[in-house]
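Quick one: structure below, then a few questions.
The letters A, B, C and D name the chains in turn, as written, and every chain counts its residues from 1.
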Amino acid sequence: MSILEVENLTVDIPVAAGMLHPVRSISFSVEKGETLCIVGESGCGKSLTSLALMGLLPKAAIRRADKLLFRGEEIGDLPERKMAHLRGGAMSMIFQEPMTSLNPAYTIGDQLMEVFRRHVTRDKAAARDRAIYLLEKVGISSAASRLGQYPHQLSGGLRQRVMIAMALMCEPELIIADEPTTALDVTIQAQILHLLAELQNEFDMGLILITHDLGVVARIADKVQVMYAGRTVEEGPARAVFDSPQHPYTQGLLRCIPIPGKTKRGERLGAVPGIVPNLVGDLSGCMFRNRCPHAAPVCATADDSLVTGPDGHANACIRPEPERVAEAVA
Amino acid sequence: MLAYAIKRSFAAFLILIVVSGLTFSLSHLSADPALTIAGEQASDEDIQAIRELYGFDRPIYIQYLEWAGRAMTGDFGESYHYGERVSTMIAGRIGTTMSLGVLAILFALIISIPLGVVAAMRPNSLVDRFALLVAVFGQALPTFWFALMMIIVLGVWWRWLPISGNDSWAHFVMPTIALGYYATPALMRLTRAGMIEVLGSDYIRTARAKGLSPTVVLFKHALRNAIIPVVALAAVWFGFMLGGSIVIETIFNLKGIGWLSYDALLRSDLPVVQAIVLIFASLYVVLTLAADLVNAWLDPRISVR
Amino acid sequence: MTMISTPGKSFDEIAQETLEPSPFSKLRKRIFGNYSFLAGLIIIMAIFAMALLAPLIAPHNPYETDLASRLMNPFWHEVKTDEEHPLGTDKVGRDYLSRLVYGAQISLLIGFSTMLISGTIGTVLGVAAGYFGGRVDMVVNFIINTRLAMPVFLVAMAAVVAFGASLMVVILVLGLFLWDRFAVVMRSITMQARDLDYVKAARAMGCSTPYIIVREIFPNVIGSLTVVATVEMANAILLEAALSFLGFGVQAPTPSWGLMLNEAREYMFFSPWLLALPGACLFLLVLAINLFGDGLRDVTLEKGR
Amino acid sequence: MKMKTFVAASMLAALASTSTMAGPDDDSLIVAWGSTGPIENVDNYFNTNRTGIWFSRMVWDQLIYREPKTFEFKPLLAESWEALSDTTWQFKLRQGVKFHNGEEFDADDVVFTLNWISDPANGVKVQRNVNWIESAEKVDKYTVNVNMKKPFPQAFEFLSGPITIYPNEYYAEVGPDGMHKAPVGTGPMKVVAIETAEEYVLEKNPDYTWGSPKGEAQVSKMVVREIADVQTQIAELLAGGIDITADITADHVDQIGGFPGFTALQAGTMRTGYIGFDAAGRGNFEPTTKLAVRKAMAMAIDRESLVTNLIRGDAGVIHTPCFPTQFGCDESFAAKWDYNPEMAKQLLAEAGYPDGFEIEFYTFRPADWAEAIMADLSKVGIKASLTKMPYFALRDKQRNEGTTPMFLMDWGSYSMNDMSAITSHFFKKGPDDFAMDDQVAAWLEEGDTSPDSEIRKAAYAKAIEKITSEVYWLPMFNHVRNYGFNENLSFIPYQDEIPRFWQYGWNG
């Protein structure tokens, strides 16, 4: 049984110009001990997807899903009060901005223990022990004395470690990390990712890592899901996706990054030209068509659902590679 | 911390010297104290004698230094008019003014913080509209006029509340509302703005992601950060209110030091005026210092440098 | 000198509260129509026109007494009315409507003049402190703190006693006291403006300081300056009214709304309109200035971000 | 919901406060006064307030009683008296009178009081009240001789007015401070509690049964509240918080009188209003130094209209620089200036001001009187600009700087029925004198010190004639005191501006 199973998740936000459709009918699942990476450009809906899973969408946003199963139970219609009990307990989240995601008015000890005492036990001593244990786990020295410090006394890297520790406080079965390293120095980015992967292994959790950094994905992902304009355009086992990207967008993305062992020294990195389309109003066809080198008139109208291949590798291109090759031949 | 405290105290001290020096010169411009002391029927010789006895014939800066020197020991001299020690007179009356000031600022905070919070949480709701009305009216309503209207309606027409004096808590209801209401718009405005900013902040999202109950999120995580600026402004307003208490105390016959200063000005009772100006100024200085310390406690990022 | 730098937290709060865009702009639009700003402006213009055209509008000379027809009732009363005096007469038989009309002149005169004086003082101090920083900032901070520590109302009353009550004295006293908000806000805005890239560039290119302040800094602060000006104008009008109300303001028979309130107090229980009318005028003017200022704040804010 | 609670709480509060409300129910009287400021020290010798006089009449007695309607002198603490010489009076004292603290009243008290107050070292605030006393001597337990420094014809005015008799043992022990905190006298009311500038609680003196002409107290308890603001006093009166106020204006009398349950009335007093001119040129203002100008101004002001419309009650125009009932104040010697704006214009033109002039005008009274006067003056071309100042500040300016060319003021003569209490104060070349007329000063001095009342009258007549014909002052009108009170209160006003509060009881 998957820890998380999502089917046709949709998020709509009413705005002045009409209805914005930032996430449109996406599906995925995460198993115990598995790492799912959701990749895509800014604005592709990946952060909203994570917030939708946690039930943290802005008030105006409307969430719909055919299935939203957590540990096999439907959580899509849970009242806020019950949802709050899951959050921070069985599922927790790490945010992008360690500098601002901690409350400046309270010590990190207070903020760490708070979540434990909310979900596990009111026992203060137990919470404290757990906090110290996890701070050490995430590689913070003299953990006990750190408890009394305020966020502003810590560096960004340390704060993100604290955020990770906080997410782990209640032994969650699923962690959603939304670009946890974007705001950090490059050297620290690697450390934090390494740490995350290590902890995931150790505690055997499901991990959803949201990122636009394919280099990161290549290193730790089990499964990859590529999002563009609120849609999943390609998904599959990490190796399959990296080895043979099928959707033109994925191909474009992969050309943008140097991949160890694949990109030759001196080779030019590619770029995906064009801009992300407007997602307000009725949408149809493939949204990538205005940037796609292979676009054809049919792309404006045809269904852009995923077509799954034999190894679980799916993509949503209306004109998949075989067709394009056929055309080229013809 | 200690160095900071010393610096602040020194600055405060300088401020008090300047303020009291200005007031001293100002009030000595306004009247010849010898005349006030001598009374209506005094002869020229009597007045001259008093002038020499009290040293009013000396240069003003010498008089000021002497006054300031004694004031530092809490000795503000004797009232020309009442003949009582000014310190005794003020000690007997400051309680009324402080009660009024504290009640008024509490009233303002009790109105403005919840209104500001609710307005921030539920824009466009009925409460928000009510808050708007309070703010728009509060800013434009002359305090004394509002006080008089309350007296007419609540005191005389409906006879709900006592009109003058300070015998019971009921006597403080109208003055508190009149004085406190004026500070409400500013405080509410700042609460609402702070609250909106905080509610949109990353750490509130974190708190919610931690599954904390809405109450904890609102009161523990959001409010504390949102009211930090409100505290500082409330301290400033408390100072303003003590000043405003002059009109209110006069209207409601509350005999605090606001009224005392008005009475003293009418009869050129300079030692009383000077002492009260100095006390108001000291209160302001102490309050802003206290507000900074409270802020430092509420917001650990403000390190006490 | 370094010892006297004490820009308490309260400075920032005063600046923030002043410039905080009205939280209610949307709501206000709903209640007062789409452009409350426009509504404020229209009321101000109407009152301004009333002041300018007073000799044409007012049915009588506001100073002309007629003891035989004193205390006439306004038109809605059944007895003792006179078509000559639609709003009745005051206690020496002057036409109340005419005095209300001419009262606009006084309030606007006081509001504008005070604002000009205090605006000049405050802007010079604030811009200097914000632009030069360092010691200049310290000295200005000290001056601002000293000013804030003074109980304005009390010291203003003392000054009026010292120099004699007259329109000129009231304007000067208020002008010399109400510059603090200008200074605080100008200081903080100038500080931000100083760090803008093009201002830095201008400095790097060796432009003269006056040139930079006038050409580069000033356009940045002018919006906030106007906002503060509206706040202070409203403040000055209310303070003048309070001073006149206590008998420490302008002299009779000047038709000042504050003084009219003072005179009307005698009749507050029996002829409440005498109190209500000038109070309502005062309220309306201040409300209009506030609405206008709020609207201006929104505009300034949109432009600024 | 919260609003409801608040409303309910307020109503409860109101009920609580109404339970202690004023009214006839509990045989108590609540008085409000204080529009000119609270009494700084209720010790009669250490305040200058009008209300200080009111208070002193309740708590203390004088040797002599001056009948307030006929101005006759009657026995009070002294049973009889005779003049032993031009400078000595002998008083036989009443027996069986007790002070509130039980101390017995006898010659020792009188001797102590008179000697103590006349010693300048003790700093009695109004020296003029006491500095004519040379000494007092005890003859026997109930006989006292009072020696004067020189013949002093107004002595009885003082002995029946400001000079109250204190208990010697108590006062020697506690002094003015103690007397302020716990006043002790022989009067009809005794003090229970004093809260400076707040309120005084008094109760009936049960021992005041020896036949005093002042009469016994009519209520068992009295509370006096110092309320500076007249409107607050009225609000309290209408809301039932107080029973009587004496600080209201003429217009209030109409208004309160029309309110069911309340009575209001006006009573003329001897407080004399006047316009003073800087005839001596103390402030270097030229126009007022010219007689023609002063005459013109006198004729430009319509005093009749002012009195009828603004002052009202039984006030009248006064032509003398003193109040006509006062000793020596003979109206027939006064030059009268009737309203005549045409003549005024003519005089101004003759004086060299055909287009009038500008003048500063000072007052401390409500501005409406001054405004009416200014309107009259403007009709003959004189533009007056008003400066209204607090009383003390204005007196200060007058005495120190003298830069007040024209001022509307008034004088209550300390309720003394002798013109020396007013005219001599202002025209004997003191700091309040803006005429600086040697002749007038000399005549007044003669009148003040001569033991012969005919000589006094003649001297005063000359002074009156000169002051009014030179228009040093333009006497205006006598003031009216306006009272508002619960209609069940038996209230009688007196011309000397002293309400005898102990005499007022509840009807029915």
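The criterion applied here is as follows: contacts are C-beta pairs under 8 Å (C-beta built on N, C-alpha and C of every residue); 3 or more make two chains touch, one makes a residue touch a chain.
What you are looking at is a predicted structure, and each value in this text was computed from that prediction instead of being measured.
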item	value
Each chain counted as touching chain A and chain C at once	B
Label of the chain whose CA centroid is most distant from the centroid of chain C	A
Chain closest to the middle, measuring from C-alpha centroids that were averaged per chain	B
Cα-centroid distance, chain A relative to chain B, in whole angstrom	54
Whole-Å separation of chain centres (CA-atom averages), chain C against chain D	43
Whole-Å separation of chain centres (CA-atom averages), chain B against chain C	21
Distance from chain D to chain A - Cα centre to Cα centre, in angstrom	91
Overlap residues in chain B, where contacts from two or more other chains coincide	30-31, 148, 151-152, 156, 250, 265, 268
Shared interface positions of chain D, touching two or more other chains	231, 235, 238, 390, 393
Chain C residues counted as touching two or more neighbouring chains	161, 265, 268-269
Contacting chain pairs - touch in the sense defined above	A-B, B-C, B-D, C-D
Touch list for chain B against partner chain A, complex	201-203, 205-214, 216, 220-221, 224-225, 298-301
Residues of chain B that touch chain D when the two form their complex	30-32, 35-36, 39-44, 46-47, 79, 81-84, 148, 151-152, 154-156, 158-165, 168-170, 173, 250-253, 255, 259, 263, 265-268
Chain C partner contacts - residues on chain B that touch it in the complex	7-8, 10-12, 14-16, 18-19, 22-23, 26-27, 29-31, 119-120, 123-124, 128-129, 131-132, 135-137, 139-145, 148-149, 151-152, 156, 186, 189-190, 192-193, 196, 229-230, 232-233, 235-236, 239, 242-244, 246-247, 250, 261-262, 265, 268, 273, 276-277, 280-281, 284-285, 288-289, 291-292, 295, 302
Chain B-touching residues of chain C, taken from the complex the two chains share	3-6, 8-10, 12-14, 16-17, 20, 22-24, 26-28, 31, 142, 145-146, 148-155, 157-159, 161-163, 234, 238, 241-242, 245-246, 248, 261, 265, 268-269, 272, 275-276, 279, 282-284, 286-287, 290-291
Touch list for chain C against partner chain D, complex	63-65, 67-68, 70-71, 91-92, 161, 164-166, 247, 251-253, 263, 265-270
